[in-house]
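You will see subunit A twice below: alongside subunit B first, and alongside subunit C after that.
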Partner chain A sequence: MQNESTYVLLADDDEDDRLFFKEAFEAIRIKTIVKTVKDGVELLNHLAVNRNKLPHILFLDLNMPFKSGMECLMEIRKTDYLKHIAIAIYSTSASEQDIEDAFINGANVYIKKPHDFDTLRKLLEKVVTINGHYQSSGLNRDGFLLSL
Partner chain B sequence: MRFIIQIDINIVGKKLLQEHLERLQLNYILKSNSEVEIAETISCDKLEELTLGLSNYGIEIIENNKDILIQKIKDAIIEFVYLDEELDIRTNISTYLSEKLNYRYSYLANLFSSTTFTSIENFTQLQKTERAKHLMINSKLNCSEICWKLNYSSLAHFSRQFKKVTGLSPTTFKRIIKKMRVANTEELDIEAGE
Partner chain C sequence: MSKYSIFLKIIFVISLFILLFISSISYKHANSLDASAELLSHSYKVQIQLEQIQQLVTDAETGQRGYIITHDSAFLTPYFNGRSQVAKSFATLKNLTANQPYLQDDVEELEKLIDLRFSRLSNSLLVFSGPQMAELLARNMLSGNKLMNDIHSKINQIKDLEKANFNNHQIKYKQEILFTPFITLVLLLFTLFVFILSFIRINKDLTKLRKSNDKLLISAEAIKQAEIIGEFCISIWNLKTNKLTYSDNLYRLLGCEPQSFEATIDNFLKFVHIDDRQIITTGVQDLLQKHETYSRFYRIIRNDGQERFFKSTGKFVENIGYSTHISVIKDVTQVHIDNLILEKKNRELELSNKELASFNQIASHDLQEPLRKIQTFISLIAEREMSTMSDSCQNYFYRIETSVDRMRKLIDDLLLFSRTSKIDKIFEESDLNQLLKNTLLELSEEIDQQNVHIECALLPALRVIPFQIEQLFKNLISNSLKYKKQHSEQIIKIECEKVITKTTPILNIASDSTYYKITVTDNGLGFEQQYAEQIFTIFKRLHSSDQYPGTGIGLSICKKIVENHSGFIFAEGKSGIGAIFTIFLPAD
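Up next, the complex of A and B:
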């Protein structure tokens, strides 16, 4: 069970954030494969083309051009072959309202983007670990809400 | 009449292995003559059945004892979390696990955290919070009743633990679940209306 790498996909329009995110994943103890896309439209195309190889966790930035993270989230939850993907919102906003809206629209995790690398690394490791527990220990995903 | 037979041990072994794995409906890949990979996480019962079945043919699973033990720890923790009222409030997870599994707690704790990257305490809290969430979603119990049922020492302690594990207070969690339900029923109504 520990042998399989966790496949992580990130949609974020900021190039620096994407790089930062990739590096943080390289620094965690769990084996991951990280791919990134740069906006919501590219994301949904990517998922449609690769529907046999969907990510274990999808990280969505809220503010993206063309299609926002929230729009992607709602669209994914309405699409049969995608609705079971674990989704983490990855955003600069920490407003209670954004957090609640994200959960109500079907997000599992809400992460406020940290400013330092070490905090990011720890947060991401926590998300991957807890998501792994949900996948391997038969926990009910309906109540999988985590705010970091 | 007499036969002389020639047995290809590798084929026999492979066939036997396949039969047993298929009987348990496991999704497997034979990596080599001596290595099997199973796609899903296998339950303790199934693994025991497989081990036992194969041992009749002199086939022994060698490198998996750690995984079995990890699974046993997880199962025992879940059992512990569901014992609630029957359990003496003073019993802690460390005593429970070492008595149940017959290993020193420090050994179990090290093995668990080095393999899963989570400590036994955190995993127990996660499971306990899951149980609390389940009760909040599916029962009519209020927070103080849940807190009492799950052996938390006080409501404040329960709220603190809940927030530590989920990042949300029990009240916020409940409010979100309620709103999700409303959103889902509205959607169903729209679909039914069409």
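Up next, the complex of A and C:
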């Protein structure tokens, strides 16, 4: 059963957000393994160390100390062994500029952090459910900003 | 001017010719008077000679007769003298009549007759001393008498001829002097006429000249005053003579007495700030090579040591006959100082704009972040712990939830408001019908839930910021939906017409331009007309939030959007009857 679990990794400097993230995945029926890191630098170190065990989906907060989510995104897409990871941007901001930049830099989906727990759970569930879809199809701008 | 000088030249030439003509006529007239007098004296001389000859002959004859009668030889003196005197007279006569060939023959004939007469006389003397004296004498006397008659008639004939000749001359002369004064008078009158004409003309031209001179003086004075008022001056450079002329004000601007130094570039350079002299020197070289209009800035150290900022602009002018360069030099110190102040203020403004932008950033991200977490925690508690809470706790909890929700709406609206004032506005040609349709689609849930009827007229396509116009429609329709009367159908009418500013006094625009007037009318609660302007003020609300929840930002956003499109928005209301929102958007 362990093999069927989806491995998700979140990079977010906010402790509360990491808590919500974990709680939300606990409430999802799909089996998942959730890991969290505190910033971009830690994320890239983690990925470098665990080359053999890369996440299925990487959630990236944009506003992080040391290395922002956008910088991480660009670096990952440039690195051969990492560039195939599905990346979901997970941010408070939903500014056109951020969404546009994330899309151009190769993120697969963009999630604006919602204001209530139920919406968060549903959004994350949706991301995990359609995960396979990101890998098979090319980039699609229309559904990039995920909504319910 | 050239026409005028040609006219004057013509007048001069005509007058000159007339004067020459008059003088030649006068000369000729005097000449003929002279000739006439001479002819008269000539005629008298001829007559005198003829009479003398006649007298001599008669004397000789009378003497001879005396001698014959008295035998006194003293009587013979006229006869002996007569011969030589007659010859002398003839010589004179011939001389006189040398130019009158028609008289020559007669004179010669007369001479022959006289000769004959004298030979008869000498014959008589011979006869007188010989035989048959009486008979021969008588015969001789008879033929002598006949000869004498011939001589008389010949002399008379010559006299007549001479008289006739004289008379002819006299008639011709009279004719001449009859016409000469007339012609002279006519010519004089004509000359007088020409002179009067040219006097009038010259006088007229003089008046004109004086007028244009006055004008010139006025404009020269106006330029002089304008230079002083406008703090500028003029430099004229004649490229043909390579001579510069500086207007008086240039000297004043440099703090000197007008025309106190020679107008040369070198002299001017002395006043230019040492670091800026290069600008002038290279500028002059450039000018001579390229002949282009230019504009240069440099500093001037005035005579009193004050530093001023100058600006020169110049141009080549060819149409005044020779290549001239005219430059206008202006003291722009005040403008320069103002610009510096303006630049400083601009920088401050930019800074405060940046601060505002960073405030927006704070509002958008940093304020929303804790709020979002509060809301998420609330939703977590509500989902998991609500059932175990007491009723009063649940009530408090519900109140927390609504307060937080309201705070979030306020932040969202504030952000929207600040985003509508952002500078980067992208205008696109858009169909307003489509934008309205999008809005209605977005609001469809609210519209469907309530008893609402919306009528939309045909709207134009305009160059607008599409998302802002959608926001505008959304806010106005939401506003109308919010303030509807309970238990009755809300009718919202959206109408549109093209108007001209002239016939739309509410716009208060003098120029002639076209606007689209879009009205959103409803039959809802309306408002007191006195609040018509206040409702567009940010945070201004006419109702308590318990009655009608809202942030008081929606209509301020509408105003901002319309202003972004160079338009106008007005509200009209009647409490309990409805409200009309009128938008004017420029048609072009």
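Criterion: the second predicted complex is superposed on the first by the 128 of 148 C-alpha atoms of A that agree within 3 Å, B and C clash if a C-alpha of one lies under 4 Å from a C-alpha of the other, contacts with A are read in each partner's own complex, and residues count from 1 in each chain.
Going forward, a contact is a pair of C-beta atoms (placed from the backbone, for glycine too) under 8 Å apart; a residue touches a chain by one contact, two chains touch by 3 or more.
This one's a predicted model, so the numbers in the text were calculated from it and none came from an experiment.
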Between subunit B (first) and subunit C (second), which does A:Leu120 come into contact with in this model arrangement: first, second, both, or neither?
-> second
Would you check which partner chain A:Ser5 touches, where first means subunit B only, second means subunit C only, and both and neither mean what they say?
-> neither
Thinking of the overlay built on chain A, is A:Arg29 touched by subunit B (first), by subunit C (second), by both, or by neither?
-> first
Would you check which partner chain A:Asn50 touches, where first means subunit B only, second means subunit C only, and both and neither mean what they say?
-> neither
Looking at the overlay, what does A:Leu145 touch: subunit B (first), subunit C (second), both, or neither?
-> first
In the three-chain superposition, say which chain, subunit B or subunit C, touches more residues of subunit A.
-> B
Could you list which residues of subunit A make contact with subunit B in one structure and with subunit C in the other?
-> none
Which residues, counting only subunit B, touch subunit A once they are in their complex?
-> 37, 41, 67, 74, 78, 115-118, 123, 126-127, 130, 133-134, 136-137, 166-168, 172-173, 175-177, 179-180, 183
What part of subunit A is in contact with subunit B in the complex they form?
-> 1-3, 29-30, 100, 103-104, 106, 110, 125, 129-130, 132-133, 136-137, 139-140, 142-143, 145-148
Of subunit A, residues touching subunit C in the complex | 14, 16-17, 20, 23, 63, 92-93, 95, 113-118, 120
In the complex, subunit C touches subunit A at residues 364-365, 368-369, 371-373, 375-376, 378-380, 383, 408
